[in-house]
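Paired with chain B in one complex and with chain C in the other, chain A is shared by the two complexes that follow.
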Partner chain A sequence: MSNVKWPLFEVFIRSKLAHVHAGSLHAADLDMAMTNARDVYTRRNEGVSIWVIPSDQIFAWNFDGETILAERVYEHPQITRKSEEQKEAEQWEVFFRTKQGLSHKHVGSISMNTASKVIAEAIQIYGDSLKITNVWVVPSAKINASDPAESESFYDPAEDKLFRHATFYDLPDEVKHM
Partner chain B sequence: MNKSLLNYTLRIADNNLILGHRLSEWCGHGPILEQDIALTNIALDLVGQARNYFQLAAEIKGGGATEDDFAYLRDVYDFQNVLLTEQPNGHFGETITRQFFFDVFNYYFTQALTKSTNSQLAAIAEKSLKEITYHLRFSSEWMIRLGDGTEESHAKMQQAVDDLWMFTGEAFQADALDLEMVENGVGVKLEEIKPYFDQKVTDILDQATLSLPEGNWMQKGGKQGKHSEHLGFILAELQFLQRAYPGAKW
Partner chain C sequence: MSDSKNISLEDRFQEKIDNNIQIEPKDWMPEGYRKTLIRQISQHAHSEIVGMLPEGNWISRAPSLRRKMGLLAKVQDEAGHGLYLYGAAETLGADRASLIDDLHSGKAKYSSIFNYPTLTWADIGAIGWLVDGAAIMNQVPLCSCSYGPYARAMVRVCKEESFHQRQGFEIMMALCNGSPEQKELAQDALNRWWWPSLMMFGPNDSESKHSAQSMKWKIKRFSNDELRQRFVDMSVPQAKILGITIPDADLKWNEETKQHDYGKIDWEEFWNVVKGNGPCNKQRLKTRNKAHDQGKWVREAATAYAEKRRQRNANRAKTA
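Coming up: the complex of A and B.
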């Protein structure tokens, strides 16, 4: 195989109401990541809109028992980012995971100037109505969305390709989330 | 049975089947996981399009003919795909170059085909165009990255362009069948889409810092059933099961 070290990107797909984390992929740059997301994650007609986010731009919740900390979920192979940057307040998008094994789901936006403050605020706002096991936050400016004009060429073809679905596999009743 | 319409449809189907098969040879051998998935995904798209055209061909031929008959029971001299599609995969850059040249042709050809007076061909073209739009974006992006990449990638891409350019003319050479189909409004006017092909190729190669070779001699013969040595090997693999176990079902 190759020694290529390409950066990692997280892919979120919206099929109905909210963008849900679908997985990650390696690509040389953002444009390639946007293109490849179609092949890797929408082969089976899973959505109408894709968000691709460089993994090193996402902060996760890290609770040490006292304070809520934010840490980056990934380190870029070539670029070192500072652990948490203080700056002007900006808009962040918030994702929650409600149960181990499920995927992070987009819930809304909050404006703050550091990742840990966003996380703390998010838990305060949503923590009562939702059971949260993990939080991801990312500056809205770092989210790259698929072009709605390209939706046709991206998603329509999968609609009538039933041969891509695992139609002959019977799942046991106990498997609730597949 | 309209023999001309049948052959015209088979030409399109054969291009998709053979190129789709070539891309499927990458399965499990891609340089990196995401590209393995991308190439085989495009292969699936092309084979899916081939099926649509073959099904139409079966309808035209009648007499109980099926899509499988065309794909599995014809020999080399009955296939009408252009020579470009049967060229070997080579390294990733060569596959991308071959794909790019085909995608540019395929995009403008299929776009024009959506205006065909034959509504079935037009419908298949309409559906296929969505996928082909994506294929062209994919191969163009790679041409640029590999061409305008490292010294090594640039050298390999320039070699690929020099080697494959002579296979791009065939698709635009109108023979008697092409002219007949244009006459009755079914077929695509090749001389009308050629300028778009040239413009797009120039655009992308410029961005890729690649150049076209001198001279304009072009390979041909595929459309008339005169193929390179490669097609025999492709069919041997593609058709083996149906030939060894005729009528096999599962």
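Coming up: the complex of A and C.
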């Protein structure tokens, strides 16, 4: 029987301008999640920066025209429904899904004291210029970001693994589409 | 009242699908769609994980460093693919630990191709060429399936899968252009892996129960027979380039249909393997359970270290 229940984390990768949601993974803690994220999602140097976020820290809202009520990101047994607490204002990062089929993409930061207010403000600010189908928000403090100062050593192992690429394998012209 | 509301939700859901608008985790979906997807995605994930075993068998005996690196990287990718897929299943509310328990107890299914043994090094070439080839044939259409997270996982998988097939074909090329004994090895591997690869596409459309609903929901884009035919037509010229013979006396080009006609599949063998009586079913399950049990200390160590780190950070915060 699987007796270990590690928390779930969402992984975001930035290859050019913004962090884009790549997928999820389980790890014993945030630090181990970061190393795993590097090994799972950037084996072929797909990105220059990784953000790892505990799934249960992300608040979500689906654009269905009703009142904004921040909910949990998935209906998952390990992600407990949180009630929003009134706290001091803090910085939140905002991610939008701008079309069904696309991953969530980071758009910017907003300072507010509840998730619902952040979502409402984000839609206010970006809603005209961007089509939005779903919003994710998370307190910036909950994000584990890969250290840019350590980028070289962090991504170095993937640099010389040419055998992971299709072009490494020599095939005759007749099967070049393979 | 609630019934008519549900009907309109179903209609709106089906309309999205008909209009190629993808479904995302927080969208309303029929319970049947959710359940079928969890089953399909988790079976796919289990297949990746169990698929590591027949190939892992030859890592220590790969004939050169180049071959060893390629095979290690491929098997590592399969683990990664399993992980992307478990992740996609979790967006539907499935709990990964339960999915893995079902695999280990024998309750969950995985692709029956992985219940065949890798008897020689040439099998590794045949698997990369044929089994990954068949998988690609199945996975490329799924990149536009109706459920967002599954489609995106498939895009990620397909990007990595290309090297898998090329690696396998390169091995077959080396063997087929080598000594007569090496070519014989390659022919023997083709003889043993050809028909099971055709069976990977599942039963004939007429026998496939869930197909119609899955096609309507666009979690299956092409029929079993359609994909199988494409696979045959793709593989025949590839076998010619290698200079080995596909073990099917009935295989021949049909000028009318512009396709290859092929022989009858032994469905008795297929169902027997699916039911658990293939050459390696018991061995695969035993190996998976053993790996899980023997890896317990690693999970416990990681958990203990996480707790130690959490306490250290909490103490630091107190004294700060």
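Definition applied: the second predicted complex is superposed on the first by the 142 of 178 C-alpha atoms of A that agree within 3 Å, B and C clash if a C-alpha of one lies under 4 Å from a C-alpha of the other, contacts with A are read in each partner's own complex, and residues count from 1 in each chain.
The rule we apply is simple: a contact is a pair of C-beta atoms (placed from the backbone, for glycine too) under 8 Å apart; a residue touches a chain by one contact, two chains touch by 3 or more.
Bear in mind that the values here come from a model prediction, so they are computed numbers and not experimental data.
Colleague: Looking at A:His26, would you say it contacts chain B, chain C, both, or neither? Reply first, second, both or neither.
Modeller: Both partners.
Colleague: Which of the two partners, first being chain B and second being chain C, lies in contact with A:Glu71: first, second, both, or neither?
Modeller: After superposition on chain A, A:Glu71 lies in contact with chain C alone.
Colleague: If we overlay the two complexes on their shared chain A, which of chain B and chain C does A:Asn62 touch? Say first, second, both or neither.
Modeller: A:Asn62 sits against chain C, while chain B stays out of touch.
Colleague: Does chain C touch more residues of chain A than chain B does, or is it the other way round?
Modeller: Higher number of touched chain A residues: C.
Colleague: Mind working out whether A:Asp173 is in touch with chain B, chain C, both or neither, as first, second, both or neither?
Modeller: neither
Colleague: First (chain B), second (chain C), both or neither: which does A:Glu88 touch?
Modeller: neither
Colleague: Have a look at where A:Asn134 lands relative to chain B and chain C in the superposition and call it first, second, both or neither.
Modeller: A:Asn134 sits against chain C, while chain B stays out of touch.
Colleague: With the two structures laid over each other on chain A, which partner does A:Ser103 touch: chain B (first), chain C (second), both, or neither?
Modeller: second
Colleague: With the two complexes superposed on chain A, say which partner A:Arg38 touches: chain B (first), chain C (second), both, or neither.
Modeller: Touch partner of A:Arg38: chain B, not chain C.
Colleague: By the touch definition above, which chain A residues appear in both interfaces, chain B in one complex and chain C in the other?
Modeller: Looking at chain A, the two contact sets intersect at 1-2, 4, 6, 25-29, 31-32, 40, 43, 161, 164.
Colleague: Mind listing the chain A positions that touch chain C in their complex?
Modeller: Touching chain C: residues 1-2, 4-6, 8, 22-29, 31-32, 40, 43-44, 60, 62, 71, 73-78, 97, 100-101, 103, 133-134, 161, 163-166, 168-172, 174-175, 178 of chain A.
Colleague: Which residues of chain B touch chain A in the complex?
Modeller: Counting only chain B, the residues touching chain A are 31-35, 37-38, 41-42, 44-45, 48, 127, 130-131, 133-134, 137-138, 141, 145.
Colleague: Within their complex, state which residues of chain C touch chain A.
Modeller: So the residues of chain C in touch with chain A come to 16, 21-27, 66, 69-70, 73, 76-77, 80, 83-84, 87-88, 90-93, 95-98, 100-101, 104, 148, 151-153, 156, 160, 162-163, 165-167, 169-170, 173, 237-238, 241, 292, 299-300, 302-303, 305-306, 309-310.
Colleague: Inside the complex, what are the residues of chain A that reach chain B?
Modeller: 1-2, 4, 6, 25-29, 31-32, 35-36, 38-40, 43, 152-154, 156-157, 161, 164
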